[in-house]
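What follows is a set of structures for review.
After this come two complexes, each holding subunit A, first together with subunit B and then together with subunit C.
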Partner chain A sequence: MAETLTFRELRGERVREIVSRSFGLMLLLVACVVFFSASSPYFLTSSNAFTLFRIASESGLIAIGMAVVIASGGIDLSVGAIFSLSSVMVGVLYTHGVNIWVSVVLAVLVGLVCGLFNGLVVVALRIHPLLVTLGTLALFRGLALGISNGSGIAGFPTSFEFVGQAYVGLVPEQCLFWLGAIVIAVLVTSRTAAGRSLVAVGANETAARFSGVRVPLVRLSVYGLSGLLSGVAAVIYTSRVLSSRADAGNGLELLAIAAVVVGGASIQGGQISIVRTTLAVIAIAMIPNGFVLSDYSTSWQYVAIGVLMIVAVVFNEGLASRLWRLVVRPRRGRTGTSRN
Partner chain B sequence: MSALATRTPPRAEDRTPPLLRARWITGVDAGALAALVVLILVFSVTAHGFATIDNARSIAISIAVVACLGLGQNLVIMTGEIDVSVGSIVALAGFAAGPVGVRTDSLFWTIVISLAVGAGCGLLNGILVAWTPVPSIVVTLGTLYVFQGVALIVSDSHNIVSFPLHASAFGTGFVFGVPRALLVVLVAFAALALVRRHTNWGRDLLPTGEHRAAARTMGVPVRVELVGAYLLSGLAAGLGTVIYLGSVGGMQTSIVDSNLALQVIAACAIGGTSIEGGRGTDLAPLTGAAIVGVITAGVVIMGVPGVWISVAYGVCLLVAVARDRVRELVGARRRTRG
Partner chain C sequence: MWRTSFRRRGTLVAASVVATCTLVTACSTNTPKAAEGGSSSGASASKTIVLVPKQTSDPFFTAAESGAKEAAKALGYTIDYVGPTTADAAGQVTTLESALQQKPAAITIAPNDPDAVAPVLKKAMDQGVVVSSFNADAAKDARQFFVSQASDEGIADAIVDTMAEQTNGEGTFLLVTSTATAANQKTWLAMMRPYIAQKYPKMKIAQVIPGNDDPATVLQVTSSYLSAHKSDTTGVWVIGGGMSGAVKAQQQLGIDPKKMPVAGLCIPSDVRADVHAGLIKNCVLWSPADTAYADIYAIDAMIKGTYPSTGTGTLDAGKLGTLKIKDNVVEVGDPITFTDANIDQYQF
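Right after this comes the complex of A and B.
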């Protein structure tokens, strides 16, 4: 853009950007709600909504971490493995006589340490985060398998059910954790210097460094946060199913990445929206839920997730902004600005 | 060219010793090959029963599928893209070709159907990557789910068991003592290496990954490069499926959860192909897969319980991808000292 924009035009640009980047997501949400409500009378009920949120809160927590990592220009493939390692840690520590709540805290800390390890390797050796977290995926899952000796652990005390099975009124416990994480994440990303530095690092690392952003610290903390949230999600999962398994969370990393990009963030970094990521998690969680309730073959749900995901991202990445330009004519005959 | 250009100092590669300057060697990542040799020597000494023909054969068979998929994935990574859907392509091709193989016991029809499915999936990936603004990791993540779903629908939740003898020919048996699976992979490797070296399409892959805009300006048909790379990745997955069906003797529906694509990407990276594109060798997936296979077998023979193998694998991958950076750091220190 060569010419200077007035404040009003700048705001218009911003609105257009947000609307066009969330168009695919809105389309997906509306399509899912309408289609499943039409095909099953049980879909649009409050009890099903809470069931959905209950299941989605684990991937929702992880997707928040993934959104932050992707915003910083990185990626974290190891979240599913950290999830399984933390889950196993709860079980192993408890069966070795540690108090259940101490085990829970230690398991969450294990998640944090795993995340910090990712961040440390990324920062210190400057290796592509895709490869680092691919390696730690195998490493952490291997540790989970080795420590648990490949078998599931059950027999938790009933007090532990509080985390993942209790309800506060109508609301499942874990949704409160999720909501808390969302509120904190939204405030931090939109209202604090830390949030601005995060986006700055993802948008242009060199510029961020020259602006005084401590890039290594940002990178280290995003992976730490991602690991921490995976640990929290793992505790909730372990309490919900009342067993620790080393194969828990298989493929979770891919679902989290899918949620972030369907939420309109660029995979190259520099953009973040916790709210849209959360809506995308809910939309993606609706698909298996709706398929089960509508009594369709569950195999089709993968096809639906894949197709809807690609379509949503095609809309997010330009088709919607092209349509927007057709509907809302730019003033002063300005030709369309290039996409990002 | 101006006179100035002729006076530029010789490039770093030109300082390599004459023996290493031969074309077929410069196309090889010496570090990865050296690591492979060292690993084999170490395990031969420390692990009793490692240095046997039988063990070498079983390693070759165990890595054949990943190596075969890696041949295609390597091309995709060279162009700076990625294909995380190959695991699902194997599942889809397997559940499409498997029942035919079981019914007819014909290697020919197994190969034809498997390759056709692989080519179709690869073509779809390539077209989506080349013609939509969606990044390749997102496209192939989407098609991963699509292919996985279709594979489960096609399979109708039935595993493929007792795959018959003739149709298994690519996965079982030996020719002059060499596992046939390995020979299939080597033939595919040789064919791809020739294509990469002797066609415009093959030679333009690395520039496409190095600097997309510059390549386009120089007249490289970037979309053709991309579609070709994904098509070959799909075909390699189809061929890998034939090997898989033969060597495993069937296919389980749980293959969709097996992280196969990540293993394949890891093999390419360990072998020395840069994940950012623009730098890589044809041999990388084979070396990478061999390193993984040797470590896995060696660790098992040394008596480490199977559940810990994944840890060894993860450490190996981290060390392998860290080596460039470490070499850089060491080199920098040496330069400042000298």
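Right after this comes the complex of A and C.
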């Protein structure tokens, strides 16, 4: 079928693909906004929107890294552990007399190094990233626990509040970091050769290699990027709560993977949409926020997250596109040549 | 060329949704802003008190919720019981950040980490929200007062006395704590030691082992210790959670719990069967319901301006009578000793 398609028809296929893959996400977003707005007068306000973005920016940054890793055909389960290790590093370095901003830079570098370590093991030893990062999840969180001895570190200088507690006008500081990362990621993935190499590696590694893409380099950099963003998110978190603990970022990896998948990317790789991943992060963050504001028992919020995620993924993966074909195909005719 | 267009269409779909959301958000900004203006004279216009437990599913905190609701009903407030489902400091912060959006009259919290919740609590105080802590304290400059369940001295003394009366004030004991780093355990232990030395010089703590607040861990550590020290152990103190584990350890090793008493701090729901069966004669705890009840009365006093401005004085706390306040710590009173006769009155 594909061999007879013209460019125009191919474009039609891609548009349909994009729309159908976004369908679950759009449904989730609209459902959340409508439902929570109806159940709480405090939900749909600009002030709550910024609170929501503020809370979501840490997982949002990590989800960008995850989207890139998944697009390359990999997965990174260690992001939450890197997050906790970087957070603990800020605290430990600062309490040992290192300047706070030097500590921050070093903590972000620790994130980068952890990520590169993941990438190196994946590339050099050719072990499946699921196994590698499952191992480093335990390793990095263990390091965080060991270094901090399991207790919290507090007593940061007030100047450090700038990263995670300051506002520029109405906009929380960390949203600007997040927005910056989104813009850069969108430009790189959609406009550069690096972005095309990334998707090529995820879609078909062999074809990518024969096309001259340096596959190991791409692999190494995606894990490095993921670690780096986890480190940045950890610094924001540490500033937001002005303390660091090894139990920070528990379960962040699952949240990030969920955001990428709800955003319509295939878990098998070869696709990326930073914008949709970001919208999914916001949609998922709306649920706990909405539960608190609507006076629903917060014990049930995971049920809501679970159900909505399954619905979104089912729509993204199949049901919606099948419906699309059912409704649209007969009207357009079988040959497709008369289309547009 | 087709690449660019499909991308445009894809982005278009996403962008339109963002635009719609933003638009709707922007349009509706006016209503709450108006409400905000009205309440700027004092957040007390709201009658909502947000109560954040260490974790929502713990029966200890659901008991606190019921005590808070009883006081709230009497004083005309509503309680919003929200928090993380696991004892997670970051989860409490996120919950509070969302909860602040509804501009509550007050926030009261049992912090999982005194420092991690401090920034958001300070933000709440800046907005005119009354902030207190109960069960565990927050950083002192991040709350207006702390409601202490019972004085640490009272707890430490009761732990020692209840065991001493079962062993005639003598013997060698195993002591199981919660976790190695828990601040309250360290405090109580530091108070128990001099009290024992002074009042019961023939009592001796042979070893201190953490039991992680969990019956399974308490069972495991007690069992390991007793298999080696069965003959020279007089009794087992448990001052963290999970006391029922110690009784099970004795049973598995064929020890009669009536001859080697288990005493200390307990959660009634954990030991109810053992207390009724006579395997535990008595154990001690405070009432989370009373703590939260007193907390709501103190919040009400703060809102109405009757709370002592110096931070030291008294508080009229409804059915609990008059309570002492010292340096912004509200003292609820003595711990409760649970026995076969009264344990069923405490449903947590």
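Heads up, the rule we're going with is that the second predicted complex is superposed on the first by the 327 of 340 C-alpha atoms of A that agree within 3 Å, B and C clash if a C-alpha of one lies under 4 Å from a C-alpha of the other, contacts with A are read in each partner's own complex, and residues count from 1 in each chain.
Throughout what follows, contacts are C-beta pairs under 8 Å (C-beta built on N, C-alpha and C of every residue); 3 or more make two chains touch, one makes a residue touch a chain.
What you are looking at is a predicted structure, and each value in this text was computed from that prediction instead of being measured.
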item: First (subunit B), second (subunit C), both or neither touched by A:A258; value: first
item: Touching partner for A:F140 - first (subunit B), second (subunit C), both, neither; value: first
item: Which superposed partner A:P157 touches (first subunit B, second subunit C, both, neither); value: neither
item: Subunit B versus subunit C as contact partner of A:V33, first or second or both or neither; value: second
item: Partner chain(s) touched by A:S190 [first = subunit B, second = subunit C, both, neither]; value: second
item: First, second, both or neither for A:Y302, with subunit B first and subunit C second; value: both
item: Which of subunit B and subunit C A:V132 touches, first, second, both or neither; value: first
item: Contacts of A:G180 with subunit B and subunit C, given as first, second, both or neither; value: neither
item: Which superposed partner A:V15 touches (first subunit B, second subunit C, both, neither); value: second
item: Intersection of subunit A interface sets (partners subunit B, subunit C); value: 149-150, 250, 297, 299, 302
item: Subunit A partner contacts - residues on subunit B that touch it in the complex; value: 82, 84, 128, 132-135, 137-139, 141-150, 152-153, 157, 257, 259, 262, 265-266, 269, 275-276, 305, 307-315, 317-318, 321-322, 325-326
item: Touching residues on subunit A, where the partner in the complex is subunit C; value: 7-8, 10-11, 14-15, 18-19, 22, 26, 29-30, 33, 37, 40-49, 51-52, 54-55, 149-152, 154-155, 161, 165, 190, 237, 240-243, 245, 247-250, 273, 275-276, 279, 288-289, 291-293, 295, 297-299, 302
item: Subunit A residues touching subunit B - in the complex, by the definition given at the top; value: 77, 121, 125-128, 130-132, 134-143, 145-146, 149-150, 250-251, 254, 257-258, 261, 266-268, 297, 299-307, 309-310, 313-314, 317-318, 339
item: Of all residues in subunit C, those that touch subunit A in their complex; value: 1-2, 5-7, 9-11, 13-15, 17-18, 21, 24-26, 28-29, 31-33, 56-57, 80-86, 88-90, 93-95, 97-103, 113-120, 139, 181
